[in-house]
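Labels A, B and C are assigned to the chains in the order they are written; within every chain, residues are numbered from 1.
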Amino acid sequence: MSVRPKHRFWISLGHNKLALFGFSILFCLVLISLSAPFIARFNPGELHMLKTLQAPDADFLMGTDEFGRDIFSRVIYGTRTSLQTSLLVVLIAGGIGTFLGLCSGYFSGVTDFIIMRIMDGLMAFPALLLALSIMAAFGASQTNLILALAIIYIPSFTRLTRNTTLGIRELEFIEASKAAGAGSLRIMIDHVFPNCLSPLIINATVILGYTILSEAALSFLGFGSPSQISWGTILSDGRDYVFNAPWISIYPGLAISFFVLGTNLAGDGLRDILDPRMQ
Amino acid sequence: MKQSHTDPLLSCTDLSIVFNTHEGCFSAVRHVDFEIGHGEIVGLVGESGCGKSLTALSIMGLLPETASAHGNAIHFEGKDLLNINERAYQQIRGNRISMIFQEPMTSLNPVFKVGFQVREALLLHQKIDKTEAQTQAISMLKDVGIPAPEQAYNAYPHELSGGMRQRVMIAMAMCCNPKLLIADEPTTALDVTIQAQIIELIKGLVCTRNMSVLFITHDLGVVAEICDRVIVMYAGNILEEGSVENILEHPLHPYTQGLLKAIPQIDNQLDYLHIIPGSVPALKDLKDMTGCCFEPRCTNAMDICRQEIPGAHTPRDNHHVNCHLYNR
Amino acid sequence: MPTPLIRVNELKKYFSTDGFGLFSKKRTAVKALNGISFDIYPGETLGIVGESGCGKSTAARVMLRLIPATDGSVFFKEDNIFSLSTGELKNIRKKMQIIFQDPFSSIDPRKNIRKIIGEPLSIHGIGSRKEREERVLSLVERVGLHKTCMDKYPHEFSGGQRQRIVIARALTLNPELIICDEPVSALDVSIQAQVLNLLKELQAEFGLTYLFISHDLSVVKHISDRIAVMYLGKIVEIAPTRDLFETPLHPYAISLLSAVPVPRVNIKRNRIVLTGDVPDPRHLPEGCAFYSRCFKRIPKCKTIGPELLECDPGHSVACHVANSIKATQ
């Protein structure tokens, strides 16, 4: 009975309590976002003008904002937007970054030089300023937000993939493939990329956390798209009411914290599980 | 060949080393007994997984966290090494017992100069000042045959060749005049011509300093060059032990015989090499074995081999073997 | 004399040690291969022996065009490997395969054995799925592994078993030449014997030609028909195995042979222990590369590099004093 690497992963995950906890948090959040219509009591945009700025009570579990909207429902629906945004950012940044990193690491020379200088350029800008400039230039929509954040995180994936590729490239099984007649593209896709997956996945979980925070920051600064309900926009709405209605900001803040905690624990756990066993 | 007529320098009785994992406890070394006499070079020979490195590490008290040593005693200079604390061990390591390893590049710290590291070894165990330590270090580098020792003192490990780095390791190990040097595959990573030089160096040091050496290797040719006595290990057990002449010229255990026949020899030509069928059992499988650990691969296996662990026999002087073939 | 399968001519490979250094004026080159020439005949095993830094592994890689050569040519039958187009090269690659030393890094840890051994077939688009399956199965069994191996992953096998997998992979495309780069150096003695026997059997069965690279003289002697001794990027002696061991002529070969430890106690050996270290490959001396450690040197050796000249049928040496050494034997 051979134990495939994938099966070993699940077995090891069972042993690592913290990682399990982290993944559980993420799993719960995903469930919540999928079942939002069933959990939320009210429509997130529904106004209750008689109950504005009310503290949490039996009806409004997390209180209401200045328009009488139920914070709890808004946070629940916001989970969707926030998770979706961060996932898309990671997928886009990861996809582009990994591809560039593979080319850069495998081909070296001029290709490497050009790609890394572009990355250096991107990294030279303070991340949020870069996102702000892009949003300012192209308008404040959710799509632009996602693209702007994706651009910020491309260098992280590129560098990681490039460094891993540099190491793998020297291993003999790569030479063996070449000796058998395989071309560069085939080697990159078939051999190098699968061996880069472990560090990439770990990096992805970390970037998920960063993305949420960046998105919250951007929304807080007023650059989020106004029509979307995300944790960041809710947090931002509560900016003016921090003293008299703190619950407007606290609960989305807690949600963000939970999410980041989950991604960090999951990422740490993944590193413990994936790396030593692969030796 | 030296015969020691006094008490041995190191005496190890009933040593076992066990790994504790979440899958259970596995014995990597089982009930091993051996002695090292004064001024003697003892070879500990075996293939991968036989437990020779672990045995050496247990003498030094450097077993990995997951492993623990049990047994009767390891007697050295009046102490039982199985029963001393870490502090006492630190007095012994580098001072009375030194160890050198296979890969000199990873055993030396790449960011410190070589001389600094040799000096450190001196300062740890002797109450001398830095200048005196430097002088002794340079003298030590000269003793191990490094040309231009003052220049080497100021060099970084990566600036020296493999052979030179191994000499530095030996210098570090020797600087406090240990009584016992444990050498774990010190020449395996070196070229043949450099290996010859290092072997000559160690032999010279043994003579001039009346030191003993536990020389761990898988290479029987090197054993012939340097050892007085040989211990053959397999899967955590000692199978055979004796003078180098007895072991290499008149091997008794089927494993030793098979090993010698499997080596391509420079002075004879065979079309196909004799092979020992199968491979070394995994630790998990060893646990379930009731008889001799070599039985599954042994061409001379009898029924009793599967049932009982063979006891030690001494068919001739300075030659012990653990094998049912020699039951009286 | 049959036509050679491989003809290597004045092969050179220099590694430049400076990258983009803007401020470095000196560009020192490591002369890994400094002009080697030899032939390999069909069906034979040519051994290449030498210590670290002599260039033997580089030679293997350059011959297969895994790294580009600096100069020289390598002919596989009538084709010059260095002047082939990518497509032609891919085709020739079917006929020349390589086995590496480290059984742990020479197979992809993330692929199962079926995919690993079948990869060459997939690269060249040979055979249907069923045919490939059959071919892989027959190879697995031929190298002495059980068919249940096909679905397993590399980490489940020992070093010796992995080396068999590597050999199976090398055989997939029915090559004519297999370059073995230290294939048994990382294996235990008892496993080493199994793998060497397997290589010999396969050679007899499939009519393979081997280029066997190793630092272990006993192993090379066991398997080779002819042996070339390399030192610092040059071939210093090349001869049929028996001749090399009975009458070595180059001082380096002589000292190498005398330094090999033999597991016998009662033999008298004339050990020649060389003094000094191997010179820095970035700053090779003018004349003979072995001058600094040679115990037979004459003043001429310091300035003039010796040529590889035939002194007996099939036995060539690169040494100014070879004839006088021969006379004393």
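Everything that follows uses one rule, which is that a residue touches a chain if its C-beta (ideal position, glycine included) is under 8 Å from a C-beta of that chain, and two chains touch if they have at least 3 such contacts.
Because the structure is predicted, anything quoted here is derived from the model rather than measured.
In the assembly without subunit C, touching between the remaining chains defines the groups A | B. Most remote chain with respect to subunit C, judged by CA-atom centres, is A. A separation of 32 Å divides the Cα centre of subunit B from that of subunit C. Taking each chain's centre as the mean of its C-alpha atoms, subunit A lies 52 Å from subunit B.
Averaging Cα coordinates per chain places subunit A and subunit C 50 Å apart. Counting partner chains per residue, subunit B shows two or more touched chains at no residue at all.
On the subunit B side of its complex with subunit C, the touching residues are 47-48, 147, 161-164, 191-197, 199-200, 218-225, 244-245, 248-249, 258-260, 262-267, 269-276, 279-280. Within the complex formed with subunit A, the residues of subunit C that make contact are 61, 64, 66, 86, 89-91, 93-94, 96-98, 100-102, 105-111, 119-120, 123-124, 151-153, 156, 166, 169, 172-173.
Those residues of subunit A that touch subunit C in the complex are listed here as 2-5, 171-173, 175-183, 186, 190-191, 194-195, 278. Contact residues of subunit C toward subunit B in the complex are 51-52, 158-161, 188-194, 196-197, 200, 215, 217-219, 221-223, 245, 255-257, 259-267, 271, 273-274, 276-278.
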